[in-house]
Amino acid sequence: MATVGFIGLGNMGGPMAANLAKAGHQVKAFDLSEQALAAVTEAGASAMSTARSAVEGVDFVVTMLPADHHVKNLYLGSDGLIGLLSDKQLVIDCSTISSEAAVEVGTELENAGIGFIDAPVSGGVGGAKAGTLTFICGGNEENVDRARAVLNDMGKNVFRAGDIGAGQIAKICNNMLLSVLMVGTSEALQLGKANGLDPQVLSEIMLQSSGRNWTLEVYNPCPGVMDGVPSSNDYQGGFMVDLMAKDLGLAQQNALKAGATTPMGSLTRNLYHSWAQQGHGRQDFSSIFNYLQPVTNK
Amino acid sequence: MATVGFIGLGNMGGPMAANLAKAGHQVKAFDLSEQALAAVTEAGASAMSTARSAVEGVDFVVTMLPADHHVKNLYLGSDGLIGLLSDKQLVIDCSTISSEAAVEVGTELENAGIGFIDAPVSGGVGGAKAGTLTFICGGNEENVDRARAVLNDMGKNVFRAGDIGAGQIAKICNNMLLSVLMVGTSEALQLGKANGLDPQVLSEIMLQSSGRNWTLEVYNPCPGVMDGVPSSNDYQGGFMVDLMAKDLGLAQQNALKAGATTPMGSLTRNLYHSWAQQGHGRQDFSSIFNYLQPVTNK
Amino acid sequence: MATVGFIGLGNMGGPMAANLAKAGHQVKAFDLSEQALAAVTEAGASAMSTARSAVEGVDFVVTMLPADHHVKNLYLGSDGLIGLLSDKQLVIDCSTISSEAAVEVGTELENAGIGFIDAPVSGGVGGAKAGTLTFICGGNEENVDRARAVLNDMGKNVFRAGDIGAGQIAKICNNMLLSVLMVGTSEALQLGKANGLDPQVLSEIMLQSSGRNWTLEVYNPCPGVMDGVPSSNDYQGGFMVDLMAKDLGLAQQNALKAGATTPMGSLTRNLYHSWAQQGHGRQDFSSIFNYLQPVTNK
Amino acid sequence: MATVGFIGLGNMGGPMAANLAKAGHQVKAFDLSEQALAAVTEAGASAMSTARSAVEGVDFVVTMLPADHHVKNLYLGSDGLIGLLSDKQLVIDCSTISSEAAVEVGTELENAGIGFIDAPVSGGVGGAKAGTLTFICGGNEENVDRARAVLNDMGKNVFRAGDIGAGQIAKICNNMLLSVLMVGTSEALQLGKANGLDPQVLSEIMLQSSGRNWTLEVYNPCPGVMDGVPSSNDYQGGFMVDLMAKDLGLAQQNALKAGATTPMGSLTRNLYHSWAQQGHGRQDFSSIFNYLQPVTNK
């Protein structure tokens, strides 16, 4: 078992840290929210009063933060952790941020002798709670292997996509594709419904045909087709529209920089963006199903 | 074993009729192409000189034709089969046509006492040859069950989507979704490649994450990632761009009639349409991967 | 001055009939709504109790109806006007319907010796009231010229696009383009606003640059930039989202039939469709400006 | 008349500098290309051997460069012009670059006491040669007014969009809109053509209806409709696809940063990007008309 400094205890980070503590690791946790801190101490973590005290002397530093500037600030800002960490420690940043920011932070840490991998996750709040997340890592092989000691207690899959930053790239590629699967599946189910087909029957058919995809398998967007998913719970819980919109923005930023052509990913970014703007930002991202309802009241 | 009149022996119909003959059914086959006829006789079918002679006295009539007017003409045209068939025979139309045409033909046949189901297929030429097609049927339960006696020897799945015409609806919903999966997966792989990721590694990661879908499982569009698929064979074989464009046109016609909103399905219809127009109509539909190449020569 | 039978006195037809009456024509008007009938009698038209009585013996029959089936029914249905009209009369159908329906009705009338032109309009309710409509006509040159005797008193431009049905084609081409102008202009103004630019200044600049278009000239979608337009009146009045969605559906039906590639027109059809579905169907079509608001509340 | 240091003599900058010289200004020109330098000396400018010698002591410095890093480097790089210029000189950057870069360069120059405006242009190579460009300026009112002394001799319109950087914002808003006008107009003309309409007649009709826009007025994309435009010259000359793709990339970068929703602008960026990738990058941007041809060979 290892000692872990865990910073960022939100909807994702909280249950991840709790799972580490339950697995027997010694977790020193920090978050600005007292409530978030209290929740992880119940699972056996120690609440620390500063980020610096949380990382002092630990084997692994795990961070789960909202955006580029939080990560850059924490590690590289004035009084940043870079001045405190040593070459015995490994930094695992699980935040979903731009690959540029990951490369910038990772490179500076490694130049200072501190190991770094970017390890954004797939699987949502449900996966975080169940400990079934997928980690998509960027970094050298040795560091990714070393990280498994803690990643395996928070998830069931650990992939290495390439060098530092590659985890972020693979993550946004996956999430861009996920958005396309979700909107496409919603369109197909709505088109069937508009023609009188039973969405459950149609889902079953497409699931066993060439339309098969992750959303039909475990995350059907049509209310009533599947138990225990957000669509059957008024689109509460799950992966928020706001967060999907953020990831799609990262994907587009990257596509522009790379000169990539992504007509579908551009379209889903716009659809999720305006779905958020119309007040659905805190619903699960499968709520886009409702955006695609046929016009019936004419 | 049954007697089957089989009309339409193209890329799909040919291997389907051959599989029926190999399974021991007595197949009376007809097609305007002598070459196509010759091919199925090798598998044990009898070549007939007219459509009428092919269907006389058989238990099942199976048709696999290109478009609405071929099917309408064959069954309802002057000298159409409707005047020849009896209430002991079951018509199984495997063509992919509009649901309106299926409903029109099916209703007229049933009004004349002749059983009818629409049973379009999923699985492509590969599935037709391997006998692993999926049949998506519309018609009453009794007729769909009756049809299994022959469908099971051409495929591995038989679904009933609803009443007459529902097979066509479910088929275009599935294929519209398939086009979205294909373009979305191609975009994600190209975006990863443009950032230096190995498409094989990225495919593996997305396959085990929320980006998982049929194309990543069995039909990867990136050359070299998967053996035995069109992308690794210069996009030859498989499911032609022209045919996908046709199916997407049917889906959009239906969406317009039903008042459905399908931004992604509209976009893929346009992308495949102009990909066909630029000379790629006879390539496999996974060739859209090439349409999405990043600009590199600047 | 001529005698005119005018059928269909809605938001458009009402003021058009009134302008004819004011110009001195003898107008025999019919509509199922008593209220609509009352309004045009104030302008000098005679209210008739049936469509048949309205067209008896007149020089011109003008119709302004909502959809294909209304027009087909009126002229070709059981008890249709085709049985009543003579070769001395000219039918001018100003409805926006599919070109197929226009060709069907027009051809049958002409086969019966009755002159026909399709003459859909551009210019909206404002243009109908002000008598400044544009008529986009399909039919032979003689009939289009003959029609000017009445069209000139309802509008300021009369174009001949080609033979019967061509008016409808040109109309949907124009309206598809108009939808693109409106959404594109709204995006550009919102993007400028999100960057702190004054939409009035930006409108002025684009109006005198290569972004110039009809919406910037006379129909600015941003509230407060222009007086007397729907955007400055809470998007009331003008050309309803529902009607734009209908026209865009006609354009897409035609595009599918013609094998045309229209990525932008497909997208605007979907955007207007879902904007209608979300409850904005009776607002002016420039309200799409609001759909494109940046996300600000995050 | 003023003294002007002009740096960047490409397709746009060359004729702009020539027009200044012809108008009587004393122009000291610099470019890395000897050929470009030779061309402007014929118009009366003096060829200088370095950028530094070109700007020494002049009243105005005008730059027309390809991208962010060229502009940043020239002014702020090691040995940058910022160390050479004085508070008596005004810098007018006519390059189309990101507003961030314009703000960065402009702010540093102004902090050093040197006046700056960004003044990107609209009107293309034709406008540059004819001296009919539109300048869209960002900067304080005094500096924009001061700049008119030279801008008026290269163009016919000078607009002030707002403070430093606002010129670039307004320019990309305009060009994003222009791309939408061009693609939308091309779709409408192709749809009409596919239905047998004469593109000249349809253009005339839409020009006088609500489809009116700059491309129909002066830049019709359909070959043969209009004389003296790129479409009637095999899409040679004019505004290259590569450049439009670049501007649309800038627009999307800005939209992502601003949280703006631009479904049409995203789509045109992808269309122009893949049109470039397919080998049309050096054609005029109206060549997108060919991308939208209906499928005819089936």
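Letters A, B, C and D mark the chains as written, and numbering starts fresh at 1 in each.
To be clear about the criterion, contacts are C-beta pairs under 8 Å (C-beta built on N, C-alpha and C of every residue); 3 or more make two chains touch, one makes a residue touch a chain.
This one's a predicted model, so the numbers in the text were calculated from it and none came from an experiment.
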Contacts common to chain A and chain D (chain labels): B, C
Chain of greatest Cα-centre distance to chain D: B
Inter-chain centre distance, chain A versus chain C - centres from mean C-alpha coordinates, in Å: 49
Approximate Å spacing (C-alpha centroids) for the pair chain A, chain B: 37
Distance from chain C to chain B - Cα centre to Cα centre, in angstrom: 41
For chain B, residues that touch 2 or more chains besides their own: 259, 261-263, 267, 271, 273-274, 277, 291-296, 298
Overall pattern in which the protein chains touch one another (line/ring/star/complete/other): complete
Chain C residues touching chain B - in the complex, by the definition given at the top: 249, 252-253, 256, 259, 261-263, 266-267, 269-271, 273-274, 277
In the complex with chain A, residue positions of chain C that touch it: 242, 245, 267, 273-274, 276-278, 281, 291-298
Complex contact set, residues of chain A against chain B: 99, 122-123, 134, 136, 157, 159-162, 166, 169-170, 172-178, 180-181, 183-185, 187-192, 194-198, 201-202, 204-206, 208-214, 217, 219, 251, 254-255, 258-265, 267-268, 271, 291-296, 298
